[in-house]
Structures are given as C-alpha cells and as structure tokens.
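Two complexes are shown next, each including chain A; its partner changes from chain B in the first to chain C in the second.
Let's look at the complex of A and B:
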C-alpha cells in the first residue's frame, strides 16, 4: 500500500464533509473513488493534495508525508476550475506540466518542449499545439489536461471526474492514456461517477459517503451490498456481481 | 528642454508604466484592486511624510507601499472569512483607507503642498518643476526618474516572472502543486501595482492612474486573445492616449489627466463597437449573416419540396412565404432577393425556381 490516509476529517462550515477517513490505496493501479453527490469525493482528493485544509489527519505517500513530495503528484481538476479564456495556447498549458522541474525564474528548455510535443501526440492533440485554449471543445480541454499531467511525469496523479462530459472517442483515447500511465508504473486515483463503467476501467475501488464504506480490489468490493450501503438504494449491476 | 517636452515625457511614461502593470490585473480579474490600491496609498504617503516631518520622497514611498500591501491583505482577509464577497471587501477597505488619508492631511498638513485635489487629479504641470538635482546638476523633473524606475520594474517583473504569472493565473491549484505558491505571485503583483500607483500618483493623481492601469489592458483583451499582441496593444493604447490627451489639453489649456482619461474612454468605446471579433458591430453583423443564411436554407428546402407538385403554383410564390414561415413581407423579399443574388434561385416567373447551384446548396452533406 502506498497512499496512506489516516484519521482524515474535513469540515466545511460546521458540517463534516469527511469523517475519520482511513484509506490505503495501492501503487501502480487505477483506483476509482465513487459515491453519491455530496459524499466528499472531490474533497477527499483535494485534502489529499493539500488544496483543502483538514481538521485532522495525515497523508503519506510511500512512507513520507505527501506535502513534502508535492512535485511527485499530478492533478487533473474539473475542467470548470480554470480560466479557459486566459490568452494562451495548448502547447503552453501542457508546458506548465513541466514547470516544477524547471523551478522559479528559469525557462523551460528543449527537453521540456520535446516532452510536451510527445504528450500532445499521445492524447491526439498534436495538430492543436498552437490553438488558443478558448477555442477548444470540452473533450479537447480534457485531453489538454491529460497531456499536462503526462508532461509532469508524476508518480501519483489525482483526477476529478476525468470522463465527465466527454464524448465516446475522447473517452476511449483518454482510457488508453491511463493504461499507458499504468504500464509505466504510475498510480492514478480518480473520482468517477459512472457505476456502469467503473468496473471495466479501474482495478481498485473505494466507495465513499462521508466515510469509507468499502475499499479494495474491484472484484471483492464492487458488490451490491456495498453499493447499497454507499448510495442507500438497491442497484442492479450490469454484468451480474454476486 | 521646454516644459511641454517634460509634460509629454511624464504623461507618456505614466501611460506605458500604468498600462503594463494592469495587464495581469485584468487577466486575473482583479481590476478593482487597482482602484483600491491607488486610493489607499494616500494614508501611507501621509504617514511617511509625518514620520519624516515633511514631504520626504523615500519616506512617502515606503509608507505608500506599506499601505498598498495592507489594503491587499485586508481585502484578502475579509474575503477569506467567506462572509463577504471579494468586491464588497474592496468596497469596504479602500474608502476607509482613503478617508483616513484625507482626514490626516487636513489635520496635519494644511500648510504643506499636499491637498485633496492634487491627490485626485495629480499636478502634472507642477511635477515638471520638481527637479531632480544632484551635485548642482539638473537632471530633469523627479517624476521622470520615478516613472522610469517604475517602468523598468514593470518590465523586469513581466519578463522574470512570465512563467509564474501564467501558471498562477491559469490554474492556481496546479501552480501550487508544482511548487509555485500563487500567493507569492498575487502579493508580488500587488507590490508592483502599488509602486506603479505611487510613482504615477504625484504626476497624474489617483483617478487617472486607475484609468491608465485598467483601460488599456481591457481594450487589448477585446482585440486579441494572445499574450504578446495583448502586451503590445496595451502599451500602444497607454502611450497614444497619453500623447493625444496631453497635446489636446495643452492646445485647449485644459486639465491633462482629465483629457487622457477621456481619450482612454473614447478608444475603449470605439474598440467595443468595432473590434473585428468581439466588437458589438461585428457580432451583430455575424448574427444577421447567420439569420439570413438560415432563412435562405429554409426557403430553398421549401421550394425543393414542392417542385413539380400540384401545389407548386401556390406554395412556391413570393407572396406565400409570409404565411409559410411567418415572415414579414419585407423580410420575405429580402431573403428571396438575397438568394437570387447568390444565384440560388430565380424570381423571373411567379413560381420561384431553384437553380442548379441552389439545388446543390441543400444537398445533404453540404
């Protein structure tokens, strides 16, 4: 187990959003976090990243506090969280993924630019390198975010609903990117909303509803009883589980 | 050098310096902070003078920068309580700071050259006579040197922090994860804006400095969505409005900062109307083109559907279009004649006929 969250509690305005979270997620796997609206899925990854201040709790990656290893961590936020009217082009946004290696006040060099070109190629956006980001469709924006995460070459990448609102072609292409990342030994932790597809796309699942309902390998954990515990209603799982 | 040469130089330097400092304020949607800072540096200036027992340039400068930062921190702090929105926090802080400054001036400095009028509108004509003298040598007005220093600071900041400014503005969370704390960018930008405001303050006053910081960048934003053209347009607008405003003011013996503001407003209005992509006229024209295109398509399909049918004689006439589509007679005529002009149909006979080109136009996949 490589991402280890202990005793994590997050409170927004008096009400706990996450309570006493103890969670271990394995290295080198595609891990999904699912749960109903308001279950605290986004908050969990934001707290893990340090973007939200928890009331208590520790987050460790490979035995050391995650906040001391920020540059090993990638993040694909929800698309609406950034300013797509910002005057810049696709290449430049992906280049931002290399900035942690470049450091303050220095400019990215040839190696970084080459890496960006490769990443754009991997997500099928090579021909859009010089396109202004304000002209992208939702699916293209998501591809740009994936390319930015790839460019960072992070060990651990958190994704907030990476497949929300993208078309089937884009979804397929982004899934391939995830598989590539996995084959390179990277760990992906993604908030996912679609129970119909979570089984085939991820190796590991965590069911969340303000606290951890269940967490483990897909086969052992993606059960109707666990889903009922998380969502409070009965689910018929396509493909028949249990 | 003649006094008017110095007037032009001071106005131009203020124009380009303020304009540069406003680019990222506008991109970060924090334009109102320029207003807040330019007003709230007043108590800092007064505090500096009070400590130095007189209008000491350096003391005033340090005090003003401190006041600018205090304003920024108060606004941030109030916003972070989540009880007050950011714009309300700005509206709360800067009038209070400005009021402290105004009251302090009237209490302490009624006999010194510092009054509320010069604070609001600047004393660009007097700025020419405040000379910078070293070892008996007259090096020109102090304002020129102060503005020049602020210009160099702005250019250096934009060049050195170009990467950090971009990442922190586009995605602050991602920037933080990559090791670039966006608060560092935020506060450093505020320091630069504060220093720029202070430098421009004595020459052009609080109100014009706000106009010169915000308006050129807003105009550039309307004209382009690429960073380098935005910077170039911002600089050009800052410089042009300063030069035209100053020359008109000198010719008509009018207030220079006032006229520069007026020209900024005129350029903004023209841009809003005539900008080739985002301008009101371009958008109206585009919508009219789309409306006409859609109407012609509907008309062609209607004619095509009734071609060689018994109803053709009644359906495919100009008069029938108003009933068919609920169009006014004049719009029906304008659509039909427009389509004829494009060679899509023929209006020579009572029955409207499609041309070959018109038939092709509505083929699937076209």
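Let's look at the complex of A and C:
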C-alpha cells in the first residue's frame, strides 16, 4: 500500500464533503474512484493534490507527506477547467508538464523538448504539435492533457474523469497509454463515472459516498451489495458477479 | 515636421508612447487572466496614495507621487485578498468595493487639498484624466525606468505567468509557488499603473492596460507575439493620442488616447486575422463551399 490517507475530512461551507476517510491504494495499479454525484470524488483527489485544504487528516505517499513530493505527482484535470481559447499551441501546453522539474524562473531545455515530442507521439498527437489549442476536438484536448501528464513523468498520476466525453477511438488509445504507464510501474488514480466500463479498465476500485463504502481489488469489491450501499439503488452487474 | 523640434511636444509624445508600450505589454497579464477589474482597482486606488504623498512631501515631483500611488495600490490589493479569503466574497465584488472606497477617499482628500489654497497643489486634479502636456523630462525618465524594470521582471516570470494564466489548478498541483507568482504579477500591474498616472489619469488607465492586449489578441494566436503587438499598439496609440490631444484639441490626454485605442480595438475585432469577425466569416465560407 503506497498511497495512505488517514482520517481525512473536508468541509465546504459548513457541510462535510468527505468524512473520516481512511484509504490505502496500491502502487503500480490502475485505481478507480467511483460513486454517485456529489460523493466527493473530485474533492478527494483535489485534497490529495493539495488543491483543497482538509480540516483534518494526512495523505502520505511511500511513507512521507504527499505535499512534500509534488514533483512525483501528475494531474489530468477535467477538460472544462481551462480556457481552450488561450493563445498557445499543443506543444507549449505539454511543455507545461515539465515545469515543476525545471524549477521556478528557469527555462525548459533540449531534454524537456525531446520529452514533450515523445509524449505527443505516445498519445498520437505528434503532427499537431504546432496546432492552436482552440482548433482541437474534445478527444484531442484530452490527448493533450494525457501528454502533459506523461511529460510530468510522475510516479503517481491523478485523473479527473479522463474518459468523459471522448470518442471511442480516443478512449481506446488513452487506455493503451494507461497500460503503458502501468507497465512502467506508475500508479494511476482516476475518478470514473461509468460503471459499465470500470471493471474491465481498472485493477482496483474504491466506492465513495462522502465516506468510503468499500475499497479493494476489482473482483472482490465490485459487487452488487457494495454498489447498492454506495448508490442506494439496485444494480444488475452484467455478467453476474454476485 | 516642425512639431518634432518642439521640446515640449517631443517630451510629451515620447513619454506617452513609452507609457503605451509598457502598459500595453504588461496589460496582457490582466487580459489573459480575465482580471481587467484588477487594473481598474489599482488605478482608482492610487488616487488617495497620490494625494497623501503630496501632503506628506509637499511636492509634485514624479517619484514620491508614484511611490504613493504604488503603495496605495498594493494596500488595496491586500485588502481585496484578505476580504476574499475571510468572507468568501466573489473576486469582482471585492475588487469593486475596494475600488470605490479608495477612489471615494481619494476624491475627498483631493477636495480638502484643493480648498487649502495651496499654490503647489495646482494640477493635482490632472491625475483624474491625465495631462500629458505637463510631462517633463524627469517624468519620462521615471516612466522609462519603471517600465524597463517591469518588462525585465515580466520576461523572467513569463513561463510561470503562462502556466498560471492557462491552468491555475494545474499550476498549484505541480507545486508552482502560486502566491509568490501572483504577488509579482500584481506588482507588475502596479508598475504599469504607476507609469500611466500622469499621462492618462486614474479613471481611464485600465483601458490603456486592457485595450492594446484585446486588439493584439485579434491578430495572433501566440502569447509572445500578443505581448509584443500589445506593446506596439499601446506605443502607437499612446503617441498618436497624445499628439491629437495636445496639438489638435487641447483636451485631456487620457480620453483621447483611450478613444484612439478603442477605435483600434474595433478595427481589430473586425479585420484581425486570428479572431476577427471578417476572418472567421471567410473561414466559415471556405468550410461550407
């Protein structure tokens, strides 16, 4: 267990969004976080990234506080969180993934540019390097965000709904990127909304509804009773796990 | 070209062009972060700073007044930041509130000074709308010095600025010193405001910051080019506006410069090759035919 969250509580405007979260996630696996709307899925990864301040709790990675190891952490935010009309091109956005390693006030050099070219190649966007970001389709935008996360070369990458609103081809190729990352020993923690696909895409699942409902390997945890506890309604799992 | 031999006119045009150059380039910070009200607040908040600096030093020298303006601007931004964090007010409401309070206080202090029959205060009210005609060489030197320092710092933090303007959440997640960078960027806007006070005046200064950037955005899709073009547009617009206001109309400089720049924004919105209306219409036509 390498990501270790203890006693995490986050409050927004006096209402608890996450309560007493104790969670351990394994290293080197594809981990999904699922739960109904308002369950605090995005908040959980934002707390882990240090973007929201918890009222209590600790978040450790390999035994040390995560907030002291930010260069080891990658992030794929929701696509809608940025202004795609910003005057810049695909290459420059991916280059931003190298900034934390480059350091404050220093410029990325040849090694970083080479790395960006490789990452663009991995997500199938090499020919779009000089394309204005406003010209990209939704799927291409998501590929660019994946490339930026790859450029971070992080041990641990958080993703907020990485497959939301992308076409089937893009989804397929982004899944391959995730598999490549896993084969390199990287850990992926993704908020995922689609219960139909979560089982085949991820190794590990955490069911969340303001508190942890269940967390563990997919086969042991993705059960109808756990889903019912998380969503409050009956689910028939295709293929019948229970 | 007889006007070029006129010392006063040369000083005025040089000063206003430099001012346009610096505030146009630095104003891109406000434009791209969608913070045009920040420029407005800094400019309006500088009025009490100018008046208090005058009362303190009894002088209309450029430097003390500029320092007073910068100081007041920074205090105003500090109050905005504290208010926002303490009360969770929407940023624009906090900015608007602080803007009016500071400007109101400045207007009151200005009124008190003017009633004092103090001969030295003559012209302090020019800070409202600006009077480029009164620019002297020492002020032009001050504009050039502050402007060059600000541009140099802007170049140093350009990478951080770009990341913070495009994706602030990502910037924070990778551990970019967001607070420190924000303070520097605000400081740069303060620099741009301070150099413009004499010339354009506090009321219309934010247009001087924002208009060149908005026009430049219509001509390019690249950030660096946008900043350079904004500087160029600001420089030309400032020079032309100052010339028109001084020679042709004998009007306050601020309004004339702003009208020149706004006219250029309108033209750019129509014919700008990157985002202009005409260009987009043409592309649509090509796409459908």
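The rule is simple: the second predicted complex is superposed on the first by the 242 of 242 C-alpha atoms of A that agree within 3 Å, B and C clash if a C-alpha of one lies under 4 Å from a C-alpha of the other, contacts with A are read in each partner's own complex, and residues count from 1 in each chain.
We take it that contacts are C-beta pairs under 8 Å (C-beta built on N, C-alpha and C of every residue); 3 or more make two chains touch, one makes a residue touch a chain.
None of these values were measured; they are calculated from a predicted model.
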Simultaneous placement of chain C and chain B on chain A, clash or fit: clash
Partner chain(s) touched by A:99 [first = chain B, second = chain C, both, neither]: both
Contacts of A:180 with chain B and chain C, given as first, second, both or neither: neither
First, second, both or neither for A:225, with chain B first and chain C second: neither
Touched partner set for A:137, first chain B, second chain C, both or neither: neither
First, second, both or neither for A:169, with chain B first and chain C second: neither
Residues on chain A lying within both footprints (that of chain B and that of chain C): 13, 49-51, 70-71, 73, 75, 77, 81-83, 86-89, 92-93, 96, 99-100, 102, 104-105, 107-108, 132, 134, 148, 152
Chain C contact footprint on chain A (complex, rising order): 13, 49-51, 70-71, 73, 75, 77, 81-83, 86-89, 92-93, 96, 99-100, 102, 104-105, 107-108, 132, 134, 148, 152, 158
Footprint of chain A on chain C - complex, ascending: 32, 88, 156-157, 159-160, 162-163, 165-167, 169-170, 172-177, 217, 220-223, 226
Contact set on chain B toward chain A in their complex: 27, 29, 82, 160-161, 163-164, 166-167, 169-171, 173-180, 221, 224-227, 230
Chain A - residues contacting chain B, complex: 13, 49-51, 70-71, 73-75, 77, 81-83, 85-89, 92-93, 96-97, 99-100, 102-108, 132, 134, 148, 152
